[in-house]
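Listed after this line are the structures, all set down as structure tokens.
Below are two complexes that have subunit A in common, paired first with subunit B and then with subunit C.
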Partner chain A sequence: MRKLQRIATYIFLSIAAIVSIFPFLWMLVSMTNKSVDITQGRLLPGTHLFENLTVLFQQVDMVTALVNSTIIAVITTFLTLLIGSLAGYGFEIYRTPGKDRIFNILLLSMMIPFAAIMIPLYRLFGGISATIPFLGIDTLAAAILPTIITAFFIFFFRQNTKMFARDLVEAGRIDGLSELGIFFRIYLPTMKTSYAAAAIIAFMNSWNNFLWPLVVLQSPEKQTIPLLISKLGAGYTPDFGVIMSAIVIATLPTAIVFFLMQKHFVAGMMGSVKG
Partner chain B sequence: MKYFSVRKSWILVFAIMTIFTLAACSSDETGGGSGEEPDEITAWAWDPNFNIAALELAKESYEKDIKLKIIENAQDDIVQKLNTGLSSGTMKGMPNIVLIEDQRAQSFLKAYPDAFYPLDEYINPDDFAAYKLAPTSLDGKQYGLPFDTGVTGLFFRTDYLKEAGYTMEDLSNITWEKYIEIGKDVKAKTGKDMISLDPNDLGLIRVMIQSAGSWYVKEDGTTVHLKDNEALKKAFQNYKAMMEADFVKANSDWSQFIAAFNSGDVATVPSGNWIGPSIEAEASQKGKWAVAQIPRLDMEGAVNASNQGGSSFYVLNIPGKEKAAEFLAETFGSSKQFYQDLVLDVGALGTYKPASEGEAYQAENEYFGGQKLISDFSKWMEEIPSVNYGMHTYAIEDILAAEMQNYLNGKSLEDALADAQAQAEAQLK
Partner chain C sequence: MGKAMNNTGSIPYTVKKKRKSGGLKKNYIGWFFILIAVAGICLFYFYPMVQALLLSFQSGMGANLEYVGLDNYIRLFSDPTFIAALTNTMIYLLVQVPVMIVLALFFSVLLNDATLKFRGFFRLAIFLPCVTSLVAYAVIFKYLFGVDGLVNRFLIDLSITSEPLNWLSDPLLAKLTIIIAITWRWTGYNMIFYLSALQNVDKSMYEAAKIDGASALQQFFYITVPMLKPIILFTSIISTIGTLQIFDEIMNITNGGPGNATLSISMYIYNLSFEYTPDFGYAATVSYVIVILVVLLSLIQFKVAGDNK
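Showing the complex of A and B:
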């Protein structure tokens, strides 16, 4: 009976695995096929990989888009983590009258969809353009700035700080550390796990972010990977082989970041046990 | 503070680098918006092989010195960017020239009245196919420079049709009823489906009703006209008849639609002329295709010519507008030679009437068995009935698509259209 149950479990898991892996596999296979073959549903690897890549790199400026996306994603991740964790730490550790009320208002801002604030935001950056052109519309800075302070990450770090032993703060103060010193010397190293998880989320959000970069970045030299892919698929006669190649290349960095962070994830866990 | 020394200073270094990178990535002024006349004018369009190529060609053929920056974006992305930029009211980052699909144009012209620059002083609207003018003008002012045509044709497989006993002549000057009859015959004799349709896309309905000079809205562009719309009724009946005739190969998206004819599964593709390159992409079917006039609705005033898609260029009312308008006027607006090159190099068919006298329009297309495709299309183009697409084509179509399903499932036609009318009126108030 138990054996039967086990077999059933494995069959179910196998089906689930196939369903979730199939689109990814299809993407990889399609990368090697001609557009006509893809539309006709060919599922076998083809011989068009090199042609697709050549066309891709001739047709669009993949390198620039990768560089832009990397700059935006790395800076955004770094600033999001720094600001989010400082704020989350502050909300949890320090006693301020009315801090919970402020925190609730902050959480409310999570309910507003981005599309609703996009137009005022665009207007704001339009105004900034007139006086500080290097922060205005059509700059990478404009693509980064509205995304670095998010209620989600403040909330995320506040929740995680609840697990942080408050005694360590007292110990730090007694040993004469400054408040920032406590944050950077004690809090940051012990919370590696949370940072790794947050970094994965922040990086993926930023890497895949579409709507805001779309409206705020105008020149081709500034466009990011999602914008480039959107452009590739929009012709009257889209070349699906080329599009799939671009998507595979675009997916690689998030996969790499995930696997890199996963290692830290484990290391962070071990570190916190030792400490 | 000694703890806060060397080992953690990388954070500080990174922060400083960040600020510098941000500053370094910033750009010089683009687009317009500021008060001064810019050196460079920008243009937004979609499709590298078609619209972008046409703009590049125009830039090359333009005799005056101009710095034109052509920026490619997906069509939906352009709509999104324009809507955001124009609603914000800053005009910052907006292009000088933008391509807008005809069926959307009225909504932009009406929603942002001062955002566009009229071109009456630069071009003569009567030089262009008449059906292009209603969607591209507002209150008697011509805002759009009419560009490509979506003139329709009935693309068909000559080998399949021949097998069933039909020639080009049998397909010319026919009604949709006749088309359905032929379709049944073709299916019976060859086993091939006649047409591929996406049940959620009413593109073919639009083609049918425009051939009778009708649309989802009345001539004023705002009054919803679904109930008691004779042309729409006939179109719905034809659509249902096709679905029930068992010769429709259903598709659910663009790639399946293309696959349907590339794989040789369907015998005809009634579509805008722009489908040509997608058909030609399957080299093995060379010589097996031809294009007949699109069938018409069986009613008075209906002609064997219609339109599907097509777009026009607009100039935004920002610094650089005179330069942009002049550039468009001297290329797309008045140069016969330019349109000859356009047909030869890009394969794009414009709506500038004087161009059809040129030699390039007489070329024979080998893929389509030596048919003078461009000449045929430009002849049919001049017959397309003019309709005002109004502002809500896509919104109404969403409602209609749902009612179409109800109609196919047995609801009466009168009820379906009356319900659609009521819903559209409530929604678009």
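Showing the complex of A and C:
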């Protein structure tokens, strides 16, 4: 009986594992196959990899999408971490009842559905377009700005600051460091693991973001990888090999980070409940 | 991320001068730290929320808007597309979230068994879908579930069906495809929350239950579920908020079709604003329906599950 249960468990988990992994294997294999072969259900590696990549990079403008996505994700990650950690640190270290109240109000913004603020944001950036063109609709700055300040990261860093030894702040003051100096020279280096976890999540969110870039980035030379994949996928005569190549490239950064830094990755994902 | 405070010893304690400024200056600088974040959240979250509320009482094409009172809200009730979008979204919510949470709980209980072989591999495999972007996996699912896609080939090979199923063009099957896709993407994500919570459950409780002759199922319902209640509540709220806003998958797997059979509220808002002749006022009204649903459902879930916290 016990043995039977064991076997059933293994069979069940194996099916779950196969279902979870199969789409990954399929996209890797399909990346090397011709479109026709893919539609006919070929599941073996082929020899069309180079051709698929050539089409992707020369005819579909993957380079532009890669560059845009990278610029947006790197800047977003940097600013998200900076602003989020400054605030999380500020709320925890300089704690006052007033700030706690503000903090609770900020947390409410996590409940706001993006669809509800999308139109006003679009109109906001539309209004800016005329006066400050480099911040308006169809600029990378507009794609970045509304995404860099989120209550999630403020909360995340505040929770993590609770584990930061306050004595270090006092030690820094005694040392004659300014308050900002304490933050940059003591807090930041000691909290490296928290920053790593946050960076992974911020980068991933930005790299994969779809709806806001779809709304705000309109011209082809501004498009990001998710926009490109969506456009390719919606085409009437899709070249499956090329699309699969694009999907593999889009998935690669997050997959690599996941395999190299599993602990930080999971810690980041769960950051909202830790502490 | 808990190893932040190991190197206390490396800070040199050479006392230069004692800061004469006391609480006032520190308080002042404290506000400086949070200033950008507070301003940003007001500008990019709260201000748009107010704007959307004002918009929801206006109507007109593009930039020509005028106040129409409650007309938009009344229009909701007689708008078949909105009713379809609302119904679909609620179906996703009521079917997908419970199925996923039960599945994730089940996986986590199985994987929490230390005597299980290949535990790490199974955990990794089931978590893996989380690394894909929503657009990427949506496009993959669209092809997998196409008429001549691999899912149909597989079903025909196993003689489960003799003819290919119209996964994407049958109203019911299209909804099912969306539900399968979301479940594939998010089950592992929920599982890791439960797995980490299970680490904190006292093993002796299970030992005691076994001695008392409790079956595995009884242990699950009388120990595991009650112990994990707070985290189940948390994940169900997160999933509810996420599902109410579902957009990427709908747009990329079915584009709302066939007809409006898979259209979600977010997708309808997008269409109203950017696909049809833009009607920002009415789109804002529809968006407030999501806001109201998020608040209501979160409150209900807290009420239902929150009594022991």
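Convention: the second predicted complex is superposed on the first by the 234 of 275 C-alpha atoms of A that agree within 3 Å, B and C clash if a C-alpha of one lies under 4 Å from a C-alpha of the other, contacts with A are read in each partner's own complex, and residues count from 1 in each chain.
One rule holds in what follows: a contact is a pair of C-beta atoms (placed from the backbone, for glycine too) under 8 Å apart; a residue touches a chain by one contact, two chains touch by 3 or more.
This one's a predicted model, so the numbers in the text were calculated from it and none came from an experiment.
Three-chain overlay on subunit A, with subunit B and subunit C in a clash. When the two structures are aligned on the shared chain, A:21 is found in touch with subunit C, with no touch to subunit B. In the superposition on chain A, A:90 makes contact with subunit C only, while subunit B stays out of contact range. In the superposed model, C is the one of subunit B and subunit C that contacts more residues of subunit A. Contact with neither subunit B nor subunit C is seen for A:67 once the two complexes are overlaid on the shared chain. After overlaying the two complexes on the shared chain, residue contacts for A:230 are found with subunit B and with subunit C alike. Contacts of A:254 after superposition: subunit C is touched, whereas subunit B is not reached. In the superposition on chain A, contact of A:141 is made with subunit B only, not with subunit C.
Of the two partner chains, neither subunit B nor subunit C is touched by A:11.
Only one of the stretches 78-86, 132-140 or 330-338 belonging to subunit B has C-alpha atoms clashing with subunit C in the superposition, and it is 78-86.
Overlap of the subunit B and subunit C contact sets on subunit A: residues 39, 41, 118-120, 122-123, 180, 211, 214-215, 230, 233-234, 240. Across the complex, subunit C meets subunit A through its residues 1-5, 7-8, 11-19, 26-27, 29-34, 36-38, 40-41, 44-49, 51-52, 55, 107, 110-111, 116-117, 121-122, 124-144, 148, 150, 153, 184, 188-189, 192-193, 196, 216, 231, 234, 241, 244-245, 247-248, 251-252, 255, 265-266, 269-270, 273-274, 280, 283-284, 287-288, 290-291, 294-295, 298.
By the touch criterion given at the top, residues 35-36, 38-41, 59, 71, 75, 78-79, 82, 118-120, 122-123, 125-127, 129-130, 133-141, 144, 177-178, 180-181, 184-185, 211, 214-216, 218-220, 222, 227, 230-231, 233-238, 240 of subunit A touch subunit B in their complex. Taken in their complex, subunit A has these residues touching subunit C: 5, 9-10, 12-13, 16-17, 19-21, 23-24, 26-27, 39, 41, 83-84, 86-87, 89-91, 93-94, 96, 99, 102, 106, 109, 111-124, 145-146, 148-151, 154, 160, 163-165, 167-168, 171-176, 179-180, 183, 186, 190-191, 193-194, 197, 207-208, 210-211, 214-215, 225-226, 229-230, 232-234, 240, 243, 247, 250-251, 254-255, 258, 262, 264, 266-267, 269-271, 273-274. Only residues 1, 3-4, 8, 11, 14-15, 18, 21-23, 25-31, 33-34, 42, 46-50, 69, 71-77, 80-81, 84-85, 87-93, 95, 254-256, 258-259, 262-263, 274, 277-278, 281-282 of subunit B touch subunit A when the two sit together in their complex.
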